[in-house]
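The data blocks that follow each hold one structure.
Two complexes follow with subunit A in common, the first pairing it with subunit B and the second with subunit C.
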Partner chain A sequence: MPSRPGLDPRTKIIAVIAVSAAVMSAGGGRFIAAGLLLAVGLAVWERAWRRAVVLPLFVGASAALAFWVPLVRPHPALGAVATGSFLGLRFAVALGVGMHLIATTSPTQLSAAFRAWRIPRGITVSTSVMLRFLPLVATEATAVLDAMRLRGLTGLRAMLRHPILAIERFTVPLIASSLRVGEDLAASAMLRGLGSPHRPTSMTPPRFGGRDATFALVVAALAAGSVLLSPGPA
Partner chain B sequence: MSSNATTPVAPASEDPRLRLTMSARDLVNIGIFAAIYLVIVFTISFAGVVSPLLIVVTFPLSIIVAGIPYMLFLTRVKHAGMVTIFAVLVAGIYLLAGHPWISTVVTVVAALLAEAILLAGRYRSRWAAILAYAVFSLWFIGPLLPILIDPDEYFSSATMQATPEYADKMRDFLTDQVLWMYNAATFIAGLLGGLLGAALLRKHFRKAGLA
Partner chain C sequence: MISIDGTGWTYANAEEPSLTDVTLCVTPGEFVVLCGASGSGKSTALRLMNGLIPHFHEGTLTGAVQVDGLKTATARLDELGLRTGTVLQHPRRQFFTDSAGEEVAFALENFGYEPAVVHARVDAALTALAACLPVAARLRLLSGGQQQQVALAAASAHEPDILLLDEPSSNLDADAVQRLTASLALLKARGMTIVVAEHRLRYLRGILDRVVVMREGRTEVQWSAQQFRALPDEDLAREGLRGEARPVDLPELAAAGGSVADPATKGGPSTGALQLADIRCRLAGRTVLDLDHVAFAAGTVTAIRGANGAGKSTLARVVTGLQSCPGNVRLDGRKLSRRARQRASAIVMQDVQRQLFTDSVDAEVRLAAARNDIDVDQALRELDLTRFADRHPLSLSGGQQQRLVIAAARISRRRIVVFDEPSSGVDQRHLQSISDQIRQVAHEGAVVLLISHDEDLLALAADAQLTLRPL
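Entry: the complex of A and B
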């Protein structure tokens, strides 16, 4: 939870989509630096220090693999690694901006933003169920893995010898216990009005403000800068 | 969305439902199964982060294993639209996780095709469900599309300049033929996942009253 008011959730969603579109599209390589700056800036602003340090390190390492290593030591195998790193580099930048959205937006704020956009109820409601449910399934997954470890079923050799059995032992209990938790969750959510045809009101309705305007200006400046400073048509 | 009274228990198993109105129960089911599907795919592909070589194993494995919750989900799909909403949720999460936007489009198109197959099987056919999962799994080709759409950028990058003969080889290699091989591998993994899911439905979930 953010301790102080942040950006409007809608601004964050648009920012993630815009950065992903810019970085992943044809000739998107020139936006990588700007996207990284934006992601690190958001992390610092949000005081997520670990992300502010790890993200540039990861991007730097990928960039080294993608551009520097092949120059020093040209080799076909390294070429494959370099191509992969170039793709991974783009992923990391888009993910960096996405992590800001995930870390600072609660499911309620997100569904309020979706309602403000008049996104159909089917998508809004199921999204909030999924977001509420993801951590529960993750917890169940660790519990199932612990139980498997206790019975000595997680050994690499046993898994390789009977791969289908290993899959079965992990997924079947995971799905069964998740569904049981899900039934309870669904019942309580429906009692509190989930899926009702009425439009719910929000404690913190999404509003665009000065912060969002400043953010938009920064993004525009970064985008213009990367277009102008890029060495010719990529 | 209209709010006409939808019967919570739908015993009808014969008639295909074209009605798009979702009951609250439907929406909860979509959310729950999307979460299970994502956790399973993430758990398995996480092993691929450790070593790039493992991706060769984890990539088809994640498709196969994720077939289990997906096939169980399909037994709860009673009418059109649910499979598509499921895909929108999965695609949305992946969009936030840094996948290219084109991958989002591919996911939704794959889901619409899967929906058409299910409709042809009147939402009750087991083989239609298996085929639908294989078609839906084709969304896994999305993340690689940037390389295929814009090969020029990849092949003119510093990497490839340093090893021109390798760049030429890669370029010959990463063409239609490889794309089709990749597609075929994805599709086959999807079929296997659907079959595994159907088998486990019979073996466990139906017995436990979950299917």
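Entry: the complex of A and C
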């Protein structure tokens, strides 16, 4: 979690939903620049320098493929690439804001935010478990891929010749090791009261504050600017 | 405080019962060590006490278990969780958050303690933890010993009457074991009842009250603290238990660079089949490995030692080509690219389940032998794996899986073989077996790197050592 104080988790969740809805909707192209600014600003705020650099580069490259290349060299194949790139850059912007939520919100903070919204416990517990379990699976997947590399099982030729076998060789050890890790995590969490009938409390209950108000104003200004400066729906 | 009377347990789908006849009575404030060879049922007995059996694991339970006045078969798991604190063998797997404060608060929040109480207990725990770790650091970046301290604080924050620990010393170096002993002594002094399942016993000699030896799912022998202190290591070895850990004195490899720990050994370039030069590895903007030169000989086992964060795993990843990094890696005088290093290397991971790719032992060995002219049936016979040939690798025991992965590494005839903490949680008998297999790999001409904190294993298996230090 970041060392500097951050936004209320609920603010971050609303931001992710709002940005995703804006950029993915029909005519959402006008919000891409604003969404990108927001995502980069959040990355800088949490000092995620790599994301702050990579995200605009990716969005810039995708935008070039989506808007500039078809103008310079019209071709049906490039048209398909342009359409894919346009969709990709919308996803990238939404993902950029989502990554801030994931990187700066612990499972317990997320649970507290959901409880404050009176979301049913079944959803709260399962979401926080998923948020904790997914990084563990990612770690296991990296380790399995490393082991496959050393056994010469990741070559492109072998994967093309026997794609099902390649998938099986990746997924079977991944499932086995993830289950083992997940079992320990679940056992420990249940012994420490996760999902118990007790009414959970929070060491730092979620609370909207000045930062959240400022953030809301910035988002509103970016949205208004996008609408006013846009010549029309993209 | 804990009463187990003639209890048996068979896991669902298991052919044999894990526990056949466990009888144990632990009085309030007592410190009991459950010991025995691998597979004797120590960890399963702990699960009887915290209620994971029968509430989390499926199977058949016979007999009665009572913990702090509650019958575990009928009590809820969270009721038992309030009365017990559990530290699992791998602390990093039980962390639900990524900061010490949140991890300590986790049980308190779930059990509904008032925020003021949560704050007070977390502050007290963090103050105590600050003596041995950076409390603001992310948990995944802490050393094994530091993670163990956080797990202990998290398990005891809600002040349970009983603390249960499953092989807490298995991944710790000597300094971390000392810190663990001190922490347990403090908890005992506060009146907590403590049960520890362990292979290594000597580090607990000053604080334990009783040792209970388990054999094949039964509680067989009991030693009082006085009897245990008088026992020679040979008697412990007969039970498959580890005796006094003796500091290993291995010759230090001549090496130079910022990561080399012992200045006395910094010298001129040495000779060896595997030579590394000008290795400067940076990860996340930080230099994690800096080696001017080092050489590892073929046919010998070199221990890679050093504190967590010293770059041991990074060195292994650079050598095996899993990590790109500026510098030269030469094998038998020939410069190797990353790809070539991957083709020349094998690794035996701590968690070997990640390395079993096929649906039978036979297929696993054939896959490893793919490009070599090897009689697979004969190889299976030599490795004593013939009777498992048709079994699915994941259906084997942990020790058998490890043997299969080591066998695959041997059969693939890779020139570089890395073992990453291969003796985590193994008893005296298996330790000897693992050591023999590591020696065999080296004997067949490979350059063997052994990453381990386990001084018992290093004493048995290693010929030389390279000690790294954090930058």
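Heads up, the rule we're going with is that the second predicted complex is superposed on the first by the 230 of 234 C-alpha atoms of A that agree within 3 Å, B and C clash if a C-alpha of one lies under 4 Å from a C-alpha of the other, contacts with A are read in each partner's own complex, and residues count from 1 in each chain.
In this section, contacts are C-beta pairs under 8 Å (C-beta built on N, C-alpha and C of every residue); 3 or more make two chains touch, one makes a residue touch a chain.
Bear in mind that the values here come from a model prediction, so they are computed numbers and not experimental data.
Asks: Please work out whether A:V81 is in contact with subunit B alone, subunit C alone, both, or neither, and reply first, second, both or neither.
Replies: So A:V81 only meets subunit B here.
Asks: May I ask you to decide whether A:S106 touches subunit B, subunit C, both, or neither, giving the answer as first, second, both or neither?
Replies: A:S106: touches subunit C, not subunit B.
Asks: If you stack the two complexes on chain A, which partner ends up touching A:R118: first (subunit B), second (subunit C), both, or neither?
Replies: neither
Asks: Contacts for A:M130 in the overlay, against subunit B (first) and subunit C (second): which applies, first, second, both or neither?
Replies: first
Asks: Check whether A:R157 is in contact with subunit B, with subunit C, with both or with neither, and answer first, second, both or neither.
Replies: After superposition on chain A, A:R157 lies in contact with neither partner.
Asks: If you stack the two complexes on chain A, which partner ends up touching A:I167: first (subunit B), second (subunit C), both, or neither?
Replies: It touches subunit B, and subunit C stays clear.
Asks: Subunit B or subunit C: which reaches more residues on subunit A?
Replies: It is B that touches the greater number of subunit A residues.
Asks: I'd like to know which partner A:I17 touches here: subunit B for first, subunit C for second, both or neither.
Replies: First partner only, subunit B.
Asks: Take the contacts of subunit A with subunit B and those with subunit C, and give the residues found in both.
Replies: 128, 132, 136, 172, 174, 176, 185-186, 189-190, 194-197
Asks: Where on subunit B is subunit A touching in the complex?
Replies: 1-3, 22-25, 27-28, 30-32, 34-36, 38-40, 43, 52, 64-65, 68-69, 72, 81, 85-86, 88-89, 92-93, 95-102, 144, 146-147, 149-150, 153-154, 157-160, 162-163, 166-167, 169-170, 196, 200, 204-205, 208, 210
Asks: Using the touch rule from the top, collect the residues of subunit A that touch subunit C in their complex.
Replies: 1, 3, 106-108, 128, 132, 136, 140, 143-144, 146-153, 169, 172-174, 176-177, 180-181, 184-205
Asks: Please name which positions on subunit A make contact with subunit B in the complex.
Replies: Its residues touching subunit B are 16-17, 20-21, 24-29, 66-67, 70-71, 74-76, 79-84, 86-87, 90-95, 98, 101-102, 120-123, 125-130, 132-134, 136-138, 141, 164, 167-168, 171-172, 174-176, 178-179, 182, 185-186, 189-190, 194-197, 234.
Asks: Which stretch or stretches of subunit C touch subunit A in the complex?
Replies: Result: residues 50-52, 56, 76-78, 80-82, 84, 86, 88, 90, 93-94, 96-99, 101-102, 105-115, 118-119, 122, 136, 154-155, 158, 317, 320-322, 342-343, 345-347, 349, 351, 353-359, 367-368, 370, 394, 408, 412 of subunit C touch subunit A.
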